[in-house]
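We call the chains A, B, C, D, E and F, going by the order they appear; numbering starts again at 1 in every chain.
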Amino acid sequence: MNPDTLDLLKKTSVATITTQLFKRGLRNAYIQGVARLTRPSTGNMVGPAFTLRNIPAREDLDQLSVFDDPMHPQRKAIESVPPGHVLVIDCRGETRAASGGQILTTRLMIRGGAGLVSDGAIRDSVEIGAMDFPVYVAGASAPLNLVCHHALEQNVPIGCGGVAVYPGDIVVGDAEGVAIIPAHMADEVARDAAEQEVMELFLLERISGGATLPGTYPPSAETRAAFDVWRKQKGL
Amino acid sequence: MNPDTLDLLKKTSVATITTQLFKRGLRNAYIQGVARLTRPSTGNMVGPAFTLRNIPAREDLDQLSVFDDPMHPQRKAIESVPPGHVLVIDCRGETRAASGGQILTTRLMIRGGAGLVSDGAIRDSVEIGAMDFPVYVAGASAPLNLVCHHALEQNVPIGCGGVAVYPGDIVVGDAEGVAIIPAHMADEVARDAAEQEVMELFLLERISGGATLPGTYPPSAETRAAFDVWRKQKGL
Amino acid sequence: MNPDTLDLLKKTSVATITTQLFKRGLRNAYIQGVARLTRPSTGNMVGPAFTLRNIPAREDLDQLSVFDDPMHPQRKAIESVPPGHVLVIDCRGETRAASGGQILTTRLMIRGGAGLVSDGAIRDSVEIGAMDFPVYVAGASAPLNLVCHHALEQNVPIGCGGVAVYPGDIVVGDAEGVAIIPAHMADEVARDAAEQEVMELFLLERISGGATLPGTYPPSAETRAAFDVWRKQKGL
Amino acid sequence: MNPDTLDLLKKTSVATITTQLFKRGLRNAYIQGVARLTRPSTGNMVGPAFTLRNIPAREDLDQLSVFDDPMHPQRKAIESVPPGHVLVIDCRGETRAASGGQILTTRLMIRGGAGLVSDGAIRDSVEIGAMDFPVYVAGASAPLNLVCHHALEQNVPIGCGGVAVYPGDIVVGDAEGVAIIPAHMADEVARDAAEQEVMELFLLERISGGATLPGTYPPSAETRAAFDVWRKQKGL
Amino acid sequence: MNPDTLDLLKKTSVATITTQLFKRGLRNAYIQGVARLTRPSTGNMVGPAFTLRNIPAREDLDQLSVFDDPMHPQRKAIESVPPGHVLVIDCRGETRAASGGQILTTRLMIRGGAGLVSDGAIRDSVEIGAMDFPVYVAGASAPLNLVCHHALEQNVPIGCGGVAVYPGDIVVGDAEGVAIIPAHMADEVARDAAEQEVMELFLLERISGGATLPGTYPPSAETRAAFDVWRKQKGL
Amino acid sequence: MNPDTLDLLKKTSVATITTQLFKRGLRNAYIQGVARLTRPSTGNMVGPAFTLRNIPAREDLDQLSVFDDPMHPQRKAIESVPPGHVLVIDCRGETRAASGGQILTTRLMIRGGAGLVSDGAIRDSVEIGAMDFPVYVAGASAPLNLVCHHALEQNVPIGCGGVAVYPGDIVVGDAEGVAIIPAHMADEVARDAAEQEVMELFLLERISGGATLPGTYPPSAETRAAFDVWRKQKGL
């Protein structure tokens, strides 16, 4: 991967990224039903995906005693996320119970994880909501995971919010939501998305100044010429 | 339409308006599943409806190149909304992609539109959320409209959030939501809703002061008499 | 009930309570689909349940004129909630209309009610949202209750958000949501939940300080010993 | 009630009945989400409603041992349905478990019940499906009721499939579905529905013979005159 | 259009057609949520789409009296469908009321319509179910259309079951469901689908005879050679 | 496993099995949302689970060319199901595309598979519906799996219809639906379910003969005694 790619993605909106993915034929790269819970101070969440897969709980297997095992898959996953990676959890969209809580999320943050995404819910949502750490979930729900979820295995391909997530895919989250970029496309998507945003910054300025959509959005040849000048002036 | 009607509706809650519509047999005038995204400084959103109709996208028709056409129906609609009108977009309740973004919403605001309502989602939701302009949507979603929506035509009757919206219907939005008033009822609904709110202001004062519901809500003859006095004193 | 129970529950999170209920075989005690609308200054909402049951409205029965009756079941319920009790309303999860509004909620607060829970929606949601009173609802919706709901009877067992609620069950709500504790379990759940939270406070401190999950969460014998020391020091 | 009313309703389609209810302002009288499971030989199911109300199950209360009580509300309800009445069960639309099975349905039939309607599911659906008895349910589901439902009380007003059902309302079911007629409207709805069907029989004959919709449906004065002749000839 | 195209489509399964559309980039051409109600004797339903658009009903506009107008848009649409065309109705997936009934469906059949597709429900479903005419709907529902639907206009582009339908698109329905083929692709899709089915007939024969998937499905060079021989023998 | 267990389960209803599982604390063992498509002549489907896991499709990975690989995971799974096993497919409840079709199902049958369960849809549903082979699916849908599903791996624990399915669990399907029995409980569940059904056969006979529920269901001491006699006579 290009060394600039993660940096570029830090500053690019998820909306722009999904447009670039659409251009490349990917219509389904935005995690549905998930929103950011926290207000991290650090710009976009960006990092390779590390995954955790849950299946439905079964009453005889998923009792509180499973947590006596320090290697319970949920806890093991937290301790396995490499620094800079985003933990993406497959909860099958089930929000009637939590996929985790404050202690695990704190540990993930301290270990240097880049963020947390789950298409399930989270408990301790108020405390987690105050953390300076990117957390995206499908809701808040107090009951512990064992009510609905059996943590099974880590770092396998999963579905999350209707999107395929392969370990190592680049996960990008901003205040609007989360996109998954296939690893092999990350460089070009990052580059073209950055380009697109420079143009849109200019166009927004024009539109804010009263320009009409025709001629501006889409840009006419004249507008494109003005853009080139503007860009040089701004040094963008 | 009575010249005072829009002004009255500016100050009337959507809850009261739906009660007045209920009185007239309209049980289904509140747009379901839509919430206000912005915090406009200007009181209620009020204005006649100007509509945009989307149908599902088709992959061969709805490619990025459609936006090379400055008269693409989505953009044309934005440029056609008369000042003071509310753009109401039919997205069939589909929120997996956006019905628009910041540039179009900015243009709509600058052209003097009175607001935006969509039963789909919006992208650039953080930037739009900071605008001083009434925007009501069913959610935030980064992917561009072409993933789900084909903008087809403007200013025809549509459904939005389960409610029929005819061009020219009066759209009213407050911090709670949006109601659609058939144009021919707007005057009387506005007048009676304003009346109802004066009464409820008084009743709330009473209840806040410790009055019991029986005798107050509904008001007894005695309470009604007290109301008449109060109203005169307040000059309402 | 133990005199300390309500006080303990005031300070215990709903997440912890649901874990204690799970330990006792109750997997379904958290009201689904409901969120806190207000930011009360008073800690958790805690109190015995007083219920109101709605059935679907019928157009000939549920006209505005029903409110001319001061003993309409909805209003009667408000006037009947004993001080310190939580009014829990069964709306069958239907949010297309309100289950109540500002006047009734104000009266409930003034009468000394401990809070309001409805698996339906509420109108006047902005004004109610500003009240210093715990209100949990499934959404905001302007249309009055008569569009969807016929208030039928008070203080019978109901379902709310998929959970059985018997009059007198202990209702606890924090910023995350609402749990229902069967009355006969309240004492032990309160006590054990308080214990659990002391331990988790310690564990969170450890994890925040860099401890690994293994050894800490679940606590090893060593960690448990450290906890005993810490607890004595803290006087918890 | 007119002595002919039940007989008339035996022969009238639920579609026609809902049109007559619509004429009288009732738009919501058709039980949603429910279909006929059986093929009874006896024409429409018709009878006054006798109801059973369920609330969500609670694990400590709803164990198999509850059925040791011969007066368990579910069984008591079956033994209480008066001959000729229809048992209507409120399951809150929950189909993940059954609302009853073959033994109870058999007992209901033998006691002379006129039919069974539930907005939940049924188990033993194949055996019940072969009974000569009208059964309308929202699906088939093997798990016993205790998984989801706590039978609470009988013959109170309930909701079923989104419709209010008051004890004594007239329940009519044909091969398409079930309508609830408020008791006080039954006579006139039955009479007018029968009239409407005579006309529609004639119109269908005309349309089947090649008549155009204009002039026939709605009937012109000429068509109405022809209808009068036809009716006399047919003796209808 | 190639004169053989409609004939080819008469004999081709909708499954195969959707595969051919997938090959051409159309992933969303199958009408979701709709099933065949009837058992027509005539093979696949095939014909160009003629559309009818509904929006939500409004209580003051959608009273029974609207049907006094012989040019009511619903009836006008029935009388306008050209012979050999399929009437496709946009009901926004709403099944709480019917999109039509027996008289209109009979008229459509007699006028030579090729079939009926609605993503809403139908009433008189038992009688219509017995007609020798292709009818595809999202369910059976007794209440008349006016409860939910306002018929607005005919032969405009619509959405139906989540799919874009443009007037003149080729609609194909078999016992499994309905696909929409953009008019300009119909010839090649029909031709390639027919080819695909010859191959699959052969492969199914092989698999039924005990061949393993590897080597057969996908076909190896050897299997392809055997296919060529088989095809010649069969004269396909 | 007891050699009689599979035979007993062949003759036991899924309803009874779920009751036995409920007795052992398993409330969630019935696959939700799935119905039998076929009418096999061979009694219940019974066999150990062999699983296939799908994740959401990604457009660049899931093109038709993937089927050129004879070891594509979907096909490999079919060729790997041991005789007597049931193939259970995790489609995340997604029915907008098929999880398989006639060729694969035929191959599965010929290889001696005991049946097929998918919480997705199936294509070629009419042809498969006519096979003498147990197939349980969540619906019929023509589009091929690649539209929604990426077949990933076989014989890992999955979720199906909201239930955990571990390889080797015993899958039982009758005309009503499918239950999953944890392997370690199969013997006792089979034995006790068979016992329960003998009793219920007797009780049904009694109820059919006019016995009241009290005294019969639940059986009184007297009824139990009569059962013992009856059982001896019947040799059951």
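What we mean here is this: contacts are C-beta pairs under 8 Å (C-beta built on N, C-alpha and C of every residue); 3 or more make two chains touch, one makes a residue touch a chain.
Note that the structure is predicted; figures quoted are calculated from it, not measured.
In this assembly, F is the chain whose CA centroid lies farthest from the centroid of chain B.
Most remote chain with respect to chain A, judged by CA-atom centres, is D.
Note: centroid distance chain C to chain D, computed from Cα atoms, is 37 Å. Chain geometry summary: the mean Cα position of chain C and that of chain E are 50 Å apart. Centroid to centroid, with C-alpha atoms defining each point, chain A and chain B lie 32 Å apart. The set of chain D residues touching two or more other chains comprises 27-28, 59.
Arrangement of the chains shown, judged by which pairs touch: an irregular graph that fits none of the line, ring, star or complete shapes.
Interface note: chains touch in the pairs A-B, A-C, A-F, B-C, B-E, C-D, D-E, D-F, E-F. Interface residues of chain A facing chain F in the complex, by the touch rule stated above, are 24-28, 55-61, 92, 150, 152-153, 156-159, 162-164, 182. The touching residues of chain C, when paired with chain B in their complex, are 64, 67-71, 75, 78-79, 96, 98, 101-104, 106-107, 110, 123-126, 140-144, 146-147.
The touching residues of chain D, when paired with chain E in their complex, are 13-15, 17-19, 22-23, 27-30, 32, 35, 174-177, 179, 200, 203-204, 207-208, 210, 212-215, 217-218.
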